[in-house]
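Which chain is which? They are A, B, C and D, in the order written, and residues in each are numbered from 1.
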Amino acid sequence: MKAFVMKEIGQVGLVEKPMPQPGPLDAVVRTTAALICTSDSHTVKGGIGPRENLTLGHEAVGTVHEVGSEVKDFRRGDRVLVGAITPDWGDLASQNGYPAQSGGPLGGFKFANSKDGVFAEYFHVNEADANLAKIPDTVSDEMAVYCADMLSTGFMGAENGDIPIGGTVAVLAQGPVGLMATAGAKLRGAGLVIGVESVPSRQELARAYGADEIVDFTKEDVVERVLELTQGQGVDTAIEALGANVTFQTAVKITKPGGTISNTGYYGEGEFVNIPRVEWGVGMADKTIATGLCPGGRLRMERLLRILEAKRLDPTQMTTHTFSFDDMERAFEVADKKLEDVVKVLITF
Amino acid sequence: MKAFVMKEIGQVGLVEKPMPQPGPLDAVVRTTAALICTSDSHTVKGGIGPRENLTLGHEAVGTVHEVGSEVKDFRRGDRVLVGAITPDWGDLASQNGYPAQSGGPLGGFKFANSKDGVFAEYFHVNEADANLAKIPDTVSDEMAVYCADMLSTGFMGAENGDIPIGGTVAVLAQGPVGLMATAGAKLRGAGLVIGVESVPSRQELARAYGADEIVDFTKEDVVERVLELTQGQGVDTAIEALGANVTFQTAVKITKPGGTISNTGYYGEGEFVNIPRVEWGVGMADKTIATGLCPGGRLRMERLLRILEAKRLDPTQMTTHTFSFDDMERAFEVADKKLEDVVKVLITF
Amino acid sequence: MKAFVMKEIGQVGLVEKPMPQPGPLDAVVRTTAALICTSDSHTVKGGIGPRENLTLGHEAVGTVHEVGSEVKDFRRGDRVLVGAITPDWGDLASQNGYPAQSGGPLGGFKFANSKDGVFAEYFHVNEADANLAKIPDTVSDEMAVYCADMLSTGFMGAENGDIPIGGTVAVLAQGPVGLMATAGAKLRGAGLVIGVESVPSRQELARAYGADEIVDFTKEDVVERVLELTQGQGVDTAIEALGANVTFQTAVKITKPGGTISNTGYYGEGEFVNIPRVEWGVGMADKTIATGLCPGGRLRMERLLRILEAKRLDPTQMTTHTFSFDDMERAFEVADKKLEDVVKVLITF
Amino acid sequence: MKAFVMKEIGQVGLVEKPMPQPGPLDAVVRTTAALICTSDSHTVKGGIGPRENLTLGHEAVGTVHEVGSEVKDFRRGDRVLVGAITPDWGDLASQNGYPAQSGGPLGGFKFANSKDGVFAEYFHVNEADANLAKIPDTVSDEMAVYCADMLSTGFMGAENGDIPIGGTVAVLAQGPVGLMATAGAKLRGAGLVIGVESVPSRQELARAYGADEIVDFTKEDVVERVLELTQGQGVDTAIEALGANVTFQTAVKITKPGGTISNTGYYGEGEFVNIPRVEWGVGMADKTIATGLCPGGRLRMERLLRILEAKRLDPTQMTTHTFSFDDMERAFEVADKKLEDVVKVLITF
């Protein structure tokens, strides 16, 4: 079968690979749609260290091709969604309520990390009964595939932020995760959602997904403007959706005492992520910093699919580009170099 | 000034009363709009015991008429909303996180209970800085007045229900509190909201406020139908919004193990509210029963007003009738006897 | 091998059974110590319906006899503890945070319920890596076996009760689960623990496990006395540890507004468990009713063993009787008929 | 009356001041015992900026000398404890669940900050009914005074740390707050408490208050040793009780994915508090950072007093020095310069 791999750090390409085989609890899925993620670029640049011919990609849907002998709820032909994170459900971290951390820190993140990813004609899924979800007939593959990571991670930013009904929220950066954090904040009942973003097309998407106000950091001071919009109090919840030290610091500064900084960003460089001491109340202002990794698993995916089924949200507005898997190299280039105002690139198979 | 009172059990009418006077921390508000609540009927029927010439009503907005010497943030002329519950904020129950219970069980419920209510030309508010909220210019009195009790109580039903994003919710009865619980469930990100109701006009409102499915208990078995809609699992959250033993029992039956029954209903009769033993998992199915009284206070009201300001919701669709305060007796009759498909009756001053 | 079974409703006895076999993820454990539980009596009386030659028992420790091909962390000879509840960790209920409810309501309760129990020379454990825990050298079998159900259930009563540091707690009934709820309340930092009990030997144990006050319901009115001990406020948390309608009602009555009634009891009869309407604040006093089934799993067991290793608690004070497995019939009679001031009966193998 | 003040940055001394007067809701307390806190030294060094003749001190007990006209529950002669933090209970931050942040960040911290402190013969308390607590007869002044800050802050470290029963905890630094965090961890039911400390006398106190293991950072690598003690997993909860960047970083490193870093420390210098990026799981390891300021208020103080009344803990083991108020200058020198293995200095009046 064909697979799109990281040949070595900095080098990608389509190669031939053998078909994956399922263990007794597992499944092999035939891919029908996938999305490229910024993390794929991080990985190619060496973010998780060197790899040789590792298949990339962690956002995909497909149809079940084969299941292991112990799989009960799925069979060949089922249309399925797979979360980007596929936990080991019996692991101690899962028992502790953090399945994304099963098998060690970030250990639930297996695709394109500890095993081959989903940019291939077929891919392998561990614990199929627990990590696959059937896609309802009314939800297209092109929509469902957004649940795997974008909805799950973005919404997590909102959920971890402990937003009260009618609360105030700022979402720092309106890339795809930030946009879904914005949508998530609205879904949790925020009364004021402030999107921080400078790119006009993303500002527009932010408004479409629920931002009541846009703050352009190239034109105004974010801290000043957010305080102004909140009568000097700061927001109940600031969601970091970029993974940059400066955005993280802004998040701490604009959060009110007793509020929550909810991190979704991946920090790729530097020894430290820096908390601004004074604005953190010298450690005593009850400003909680919450973090997390994209929640995975069948229950999560079923719940996200229900959001789409109920038409609460249309994530396909983020699909700026569509390529067939044969054009994967060009597709990756567009996503990687952020060409043509790209937001998300959809791959069809 | 004129006040609409419960003269004795079963008897209401307009009477003359002296103007209220503010203590040092208090305010007197000139009423501009009010809503009649089912609780007013309960009270007149003796639900809280005998009273003599007690002014009724607990849902109102107005303008500040006079403030006490220690009040800092409000002054004469401010357009203000007052929660139905006006807690004593220093009380031990408030310090414990339950201000509605300050001064004893349900003690935050002062209006038309431990003191005169709001169906009067003027009414008194304790701890004005903590219990008043300014109404934004873009929100009308007719909208804002719904925050006092309807939004606060209905949303509480959703909040106490601990609804996960994409979760399944059933709201039992679509009176005004149930309708706002339905809206609240949607605001918390439910993926499936089931409204249980038999009256066509209320079914229609339920759909408008976010119910994805309607179950008519006069035509189908609620337990069977809800299980069917949830693939046999039951809902994550069942919200009781009627205050009847039978609805409460249904709520327990349709909730999945690990789910929450969230009560908003007032139970007016009987020695017991009955938990069905077997469907409660003989006490061991992790089905939590949460309850509460309408949250009050300035912060709550400010947050609810923000929901209206952001146009997340238009509660005035529930206003089926409008009367001037002079016609209060007829207004009360319509509400009390549930005439003319009444949902909520607005009183203008 | 020998097994102690329920032959039919009302009939028990030792019989010969074939050895259990492990599936690929499972283990077979050779039993070294077990405890008899009140639930065993319920089962024999028909509490879960008719059964034929079902092996009884769910509290046991032993050594690993055999493991399946996929088991990684355990091998023959390991001294192990097994929780009374052995969840399916990939199930949707487990993913939802309620592993005890995996496979349906109370579905994690497999031993002596949906499969043979532990009163046998050998017993089978599903998902061995996730459901076994190694016993530290410093903890004896006779101590460790108390973790399986007594510590796990009793402590759960305290944990679900959301006890604040310095809070007030009442534990209704001081049987073994109640005693461990008492110990659990102290372990969570309660400032006042009130044990309700009439049997002198159990009162004494209650004091030893942390009860600051004892209320004897045969000599005084429990509601009155608890209110007196809490300056009229009621307790932050009332833990029901008997499973009787009357005790449950008392629990609701003695809990303060904003407090929690935490249920550990199994209700074996009647159509309803009754909430006293008025003392529940007519549904509006913010009195939460929490419930649960004994948490199981390796992480839980490891944490409970750590409590014993750190000598926070000695559960063997509850062992009033010890029998060898050959005398199982007499042992069961003592426990079942509550002879000789029995608290817990230990079985050695 | 006599008061011990910060005359200017770096200068302290006893001076004469006029008696404080209570407003209608307030009280004036005659001091009977007080404790010196490290924060007093921070303040004198300019930690909160310049002040002129500001009375120092925030940990005290006494007897009520005078109450305002609206005070209901206290009267002259009552033995009372006052929390170091005396919130404004009607403030929006209090309504939001963070009374310590009322009136702005850290605004509940009034004593020796926004008004005169307690190192005086008399001191003023705002909202007396909500901020005073009666001391039970069985609790001495010398014990009760530890509740004001030491127990409240130290226990908060444990409470915010979300410690599971049987969980693993490390407390970094065993000064008085760290010692009470150690005691708090044990009170919450930790199964393993690791105290990090190098001073032998403090190590000994740590063991007395519940540390199961001591790690001496001058002799071993803290991260390595804690990982070893937790089988390579890291702790469920790390409590920072020093307020130093290096300790904070260690706390992040030794916490398991899904665990909590609970901060009690005051960070006095530097632009940033630094989160180690990689060990924080590049922002994705579900390691929450919780913070807070000493909780105050009557309910909190009553609960802490109950802990002392029930003899769960004897804080006076920390009293290494006692001086009369007349010797305040020498007392302050001992505390400030950390002479003679000082832990806490008690002042009698």
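By our rule, a residue touches a chain if its C-beta (ideal position, glycine included) is under 8 Å from a C-beta of that chain, and two chains touch if they have at least 3 such contacts.
Which protein is which chain? UniProt says A, B, C, D = Threonine dehydrogenase-like Zn-dependent dehydrogenase.
Just so it is clear, the model here is predicted, and its values are computed rather than measured.
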item: Chain pair with more C-beta contacts, A-D versus C-D; value: A-D
item: Chain pair among B-D, A-B or B-C whose interface repeats that of A-C, sharing over half of the contact pairs by residue number; value: B-D
item: Distance between chain centroids, defined by C-alpha means - subunit C, subunit D (Å); value: 38
item: Geometric centre distance via CA averages, subunit D-subunit A, whole Å; value: 40
item: Two or more partner chains touched - positions in subunit A; value: 92, 96-97, 302
item: Arrangement of touching chains [line / ring / star / complete / other]; value: complete
item: Touching residues on subunit D, where the partner in the complex is subunit B; value: 24, 70, 89-92, 94-97, 99, 127, 129-130, 297-300, 302
item: Subunit A contact footprint on subunit D (complex, rising order); value: 92-93, 96-98, 100-101, 104-106, 233, 240, 243, 256-258, 263-277, 280-293
item: Contact set on subunit A toward subunit B in their complex; value: 155, 158-159, 164-168, 184, 186-189, 191-192, 212, 302-307, 309-310, 312
